[in-house]
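First the structure, in the form of structure tokens, and then the observations on it.
For clarity, chains are labelled A, B and C in written order, and residue numbers in each chain start from 1.
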Amino acid sequence: MDVMGGIRRRVAGACIAVLATAAVGEPPRYGGHLRIAYTNEPMSLDAVLGRSGGDAYYWRQIFDQLVDADPELTPRPATSLATSWEITEAPHAITFELRRGVRFHDGTPFNADAVKFNVERILDPATMATPRASMTVIDSVDVLGEHRVRLNLKRPWGAGLNMLADRGGVMNSPTAVRRLGRDYGWNPSGTGPFRVAGVVTGTAVHLVRNDDYWGVDEAGNRLPYLDEVTIRVIRDETVLVSALRTGEIDVAYLPYKDVSTFRRDRRFRIETMPGGAIAHVFAFNVAMAPLDDLRLRRAVMHAIDPRAINTAIYFDNAILADSGMWPVGAWAHEPSAARPGYDPERSRQLLRDAGKPDGFEFTAVTNNNALHIPAAEIVRAMLRRVGITMDIEVLNAGVATERFFHGRQYPLYMTGWSRYPEPDWLASLAFKSDGYYNAANLPRPDIDALVERGASFYDLAARKRTYLELNDLVLREAWFVPLIYGVTYAAAPLRVRNLDRLMGWDGKMNLREIWIADPSASEP
Amino acid sequence: MTDRASATTAAAAAPVESATAHHRPSVDVVLKLARIPQAVFGAVVIVLTLFAALFAPWVVPVDPQEMDFENLLSGMTAEHWLGTDRLGRDTLARLIDGAQVALMVSVGAVGLGVVIGAPLGLVSVYFRGLVDDIVMRGMDALVVFPSLLIAVGLAAAMGGSLATVIVAIGIANVPWMARIVRSQGLTIRELDFVAAAEAGGMSHVRIIWKHILPNSIAPVIVQATLSMGYAVLTEAALGFIGVGVQPPTPTWGSMLQQAFPMLDRQPLLSIVPGVAIFLLVLAFNFVGDALRDVLDPRLKGVIH
Amino acid sequence: MWRYLLRRLLQMVPVLLIVTFLVHGLMHAMPGDPARALVGPGESLDEEQLELIRREHNLDRPIPVQYAIWLGKAVQGDLGRSTQNQRPVVEELRTRAAVTLQFGVVAWIMAVLIAVPAGIASAVYRGRPIDYVATVLSIGGVAIPNFWLGIMAILLFGVTLGWLPTQGYVDIFEDPLEGLRYMILPAFALGITSSAIIMRQSRSAMLEVLAQDYVRTARAKGMREKAVIWRHALRNALLPVVTVFGLQTGRIFAGAVVIETLFGIPGMGQFLVQAIFMRDFLAAQGAVLLMALAVLVANLVTDVAYAWLDPRIKYDDR
């Protein structure tokens, strides 16, 4: 596998952290109540029907995936519901050997029938499953035995195992889904380390230990360590941070503005994930005037100095983007020279070339939040320096997304993007001619061919070459151009252990190996 | 029926004996107002705000859009009297730019409320019966929506802009104006001179114009002044939840929205616009109260 | 009396119809495909799925027909499902309304507890320092943006002193003490305007009452000052409280929209704003229906209580 240097450093760092913990010789302690806060409430606890990226903070604790992956998105059988798999090419299929003795929270067994049920549920258009588009390559599911199941594919599925590490691979209890119907979303039954004990709408989700959980740590200890978990919704980041500081909560992701003060505070440990998101990206509608002219799109990009945004908005705690939509830490990431960087002279030249030496006007849309609004204002000020006038329209993210990608009302959308290390996800949805996140939907057979090629074989090195080609193309055409890659910062007081195991490949919380040094102290 | 407006304006609905004394009252009113200290304070604040808004570039010779990246989130300094925001923009300059928006919204919205509401009230009171019922049920329906929600809904439908905010707050003002004019008119209608005019063959329009309208002017002016203060508050709330006038045009509400995440780093940013809102609303309330005392002391029961 | 009540209740029906129809129209007027809005945000719906949604929600029929269908179901207590969390709107409204109700009641009680004694005291001690303080507070309270007061409260009690929680909500019936601790800042911010108005009204009502004949008679008969105030005056001074109650119910809802957002309280206001923002049609319609109903009922209660307290007012049976 082709692993880049940055990742290797990160892996090494993680190893040292593990060794450091191990060196103390401290055996993990069981029990305790971990209190977490997060800024978004879940749209559903059912991973398949939830539509917000933030849902994973909740459902990761409740479910296991058919295929789990390590932080570098390499499939990891030890934490997966499938213990092994075999990929065949003629006909295209993946056959899974399933873990034995696993039960759902409602007591029903996890088996091949359950896999078939879950996959078919996602594929059924009436389910309105969120991961459906990335799964339609599956033609049918065959149960080959109690613990053996085969996904029959329409074509090779290079992204398959990675896609199954996300929502699409989550296994729900068929009995519970059938019994509860549309109410299942708030009474989910998975195989994961925690069961749902209670939900207070808009306030908190309360989880308790699944005593039946199959997972074990490296030393063979049963998981999870914690007895209880409460995930509170605290929408305001200032309050979230002060709750962490006063010990009202035990774990939180830090807003950028507070990273430096926590770094100086010796009572807290901080874990970082560079490239945990694409913090700021310009998405263009390449068919909409005036930005249907590539020269003008590039003129816009060259006029912007991302350093000012990183300083004023992210307090220099984020990373300047050096490539496209596969951020630092993703296996397909590689710095790209095709990225239009800050160069105001070049910008003015392009304006002259395009016959608009005095600039032009357009309206951009951005999200209604404390990071994107001021960033848009900086962008506006920088564009004004080269003579471009940009009006800003602020909308809630959901509405902005729809109006930009479907309403086709704006030539530019300044937004953020979740971390999706599997390149096919974005390539299919955003770059393919008929993709949901392709605002222009221009017919581009060359790009479609690249997207299809990237997903059509299993060799990672070859896939990466394809995606880099695609990446350069998209950047050169100034179509999706990230300015800032995000960094995810998780902080916890020292008594919270194994913090280095908190963030999975998507940077979201996973509590199966977290433990507390003084579990009795957290009981009220 | 005793709907809300007529219950609370019961006192106001008493016959206006000075029905014929409405000519040339303006000088008299101003003189009386000048003797009320609150009114003078209010008037001074409003005039100063107006002055600052109209002559913004001369009052503060700093571009409110200029970003001083050397001075992010600064406190009060000689260079930036009221500090800077997270983009290094001068708070005082933005505050004055925001005053323009606050004044435009308050005047525009209340004006719209009067222009639509008053005729509806007049028509309703004059024709009574079915017309009255239809109009007033419509007004009831509008009153049920808090103006803030009308604005959020309209902004979502029409997109945020100054016009949206004015229309939304204006719509919220309509039922109140209609009700005031109606309850005022209800009593006047019963008076002899209206009956006499009707008997004398005067047209509907002329009766409304000559007799009912002039008597409604005083309470409408009072209500309008008080509503302007409320419009400033509503606009601020809209800005704070992020609908309405679009950036980079600063509004006092959106300044508070952007300041809030920085509350623990630079509280000054959150304090200044709030004080500005408070002072302007206070000024409108003072002037409104004083006008009420001067124009018609019996109007004391009206609350909006 | 009963005829009056019945007529008032019947008058609510057209108002509710107008309100919900307006909301229905407004939500449909928003740009974008309503079918997508009905599933909520999220990628990857294909035409086949959108068609399924259109059929399920009758989106292919004219808007008035859709409204009629919604109304038919609403009468039976089915308001559909919210796209924000896929729960039945009725269920969601029940929990959210309970939160806002608790919160509104606490705000209201705090407002009255501050305002009525202050108003009475400032009337009784007219012209003394206490009167000036109360007057300044009552003038300031109307002019202060309640959400800004909330921000300042967060700054002082949350950020600086750390005495009180500033985000979230604890059910008062589950843990009264903790519930109140969470409630106190937002309730104060929400109640301030009402409090100021009541204070002012109680003061002037009380002044009027104190000047009236029967109070003077009672005094002349040698009743002790306090007894006079309590026996005669208080009842009359409560009238404005009742009046303001009706007027302020709508205000409290409007205030709750911002205050709930600011303090992260999962109530109706927050829910409705999110619903409008996210084009969550069914949730918005349901929430507006409930809010409108609450405001109308509050008005009715006000008018009835007013007439009951003040024998001078008769039901006008026009």
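Basically, a residue touches a chain if its C-beta (ideal position, glycine included) is under 8 Å from a C-beta of that chain, and two chains touch if they have at least 3 such contacts.
Owing to the predicted nature of the structure, the values given are computational and were not obtained by experimental measurement.
Undergrad: Taking chains as nodes and touches as edges, what kind of graph is this: line, ring, star, complete or other?
TA: Here the contact pattern is complete, since every chain touches every other one.
Undergrad: Looking only at C-beta pairs that count as contacts, which pair of chains has more of them, A-C or A-B?
TA: Most C-beta pairs in contact, of the two: A-C.
Undergrad: Average the C-alpha coordinates of each chain, average all protein C-alpha coordinates together, and give the chain whose average is closest to the overall one.
TA: C
Undergrad: Go ahead and note the Å separation of the Cα centroids belonging to chain B and chain C.
TA: 21
Undergrad: So how far apart, in whole Å, are chain A and chain C when each is placed at the average of its C-alpha atoms?
TA: The separation of the two C-alpha centroids amounts to 40 Å.
Undergrad: Centre to centre, by mean C-alpha position, how many angstrom separate chain A and chain B?
TA: Computed value for the inter-centroid distance: 47 Å.
Undergrad: Quick one: which residues in chain B touch 2 or more of the other chains?
TA: As it turns out, chain B has residues touching two or more other chains at 156, 260, 263-264.
Undergrad: What are the residues of chain A that contact at least two other chains?
TA: In chain A, 236, 238, 242, 368, 399 touch at least two other chains.
Undergrad: In chain C, what residues contact two or more other chains?
TA: Chain C, residues with two or more chain partners: 31, 154, 159, 261, 277, 279.
Undergrad: Which chain C residues qualify as touching chain B in the complex?
TA: Going by the criterion above, the answer is residues 7-8, 11, 14-15, 18-19, 22-23, 26, 29-31, 139-140, 142-145, 147-148, 151-152, 154-155, 159, 197, 201, 204, 243-244, 246-247, 250-251, 253-254, 257-258, 261, 272-273, 276-277, 279, 284, 288, 291-292, 295-296, 299, 302-303, 306-307, 313, 315-316, 318.
Undergrad: Across the complex, what residues on chain A touch chain C?
TA: Of all residues in chain A, those touching chain C are 41-44, 49, 51-52, 125-126, 128, 130-134, 182, 185-186, 200-203, 232-236, 238-240, 242-243, 246, 248, 368, 396-399, 401-403, 406-407, 409, 429, 436-437.
Undergrad: Inside the complex, what are the residues of chain C that reach chain A?
TA: By the definition above, chain C touches chain A via 31-33, 36-37, 39-46, 48-49, 52-53, 81, 84-87, 92, 95-96, 154, 158-159, 162, 165-169, 171, 261-262, 264, 266, 270-271, 277-279.
Undergrad: Note which residues of chain B are touching chain A in the complex, please.
TA: The touching residues are 65, 67, 69, 72, 86-88, 156, 159-160, 242-243, 246-248, 257-258, 260-265.
Undergrad: Applying the document's contact rule, which stretches of chain A touch chain B when the two form their complex?
TA: Against chain B, chain A makes touches at 236-238, 241-242, 255, 257, 308, 311-313, 368, 370, 373-374, 376-378, 380-381, 391-395, 399.
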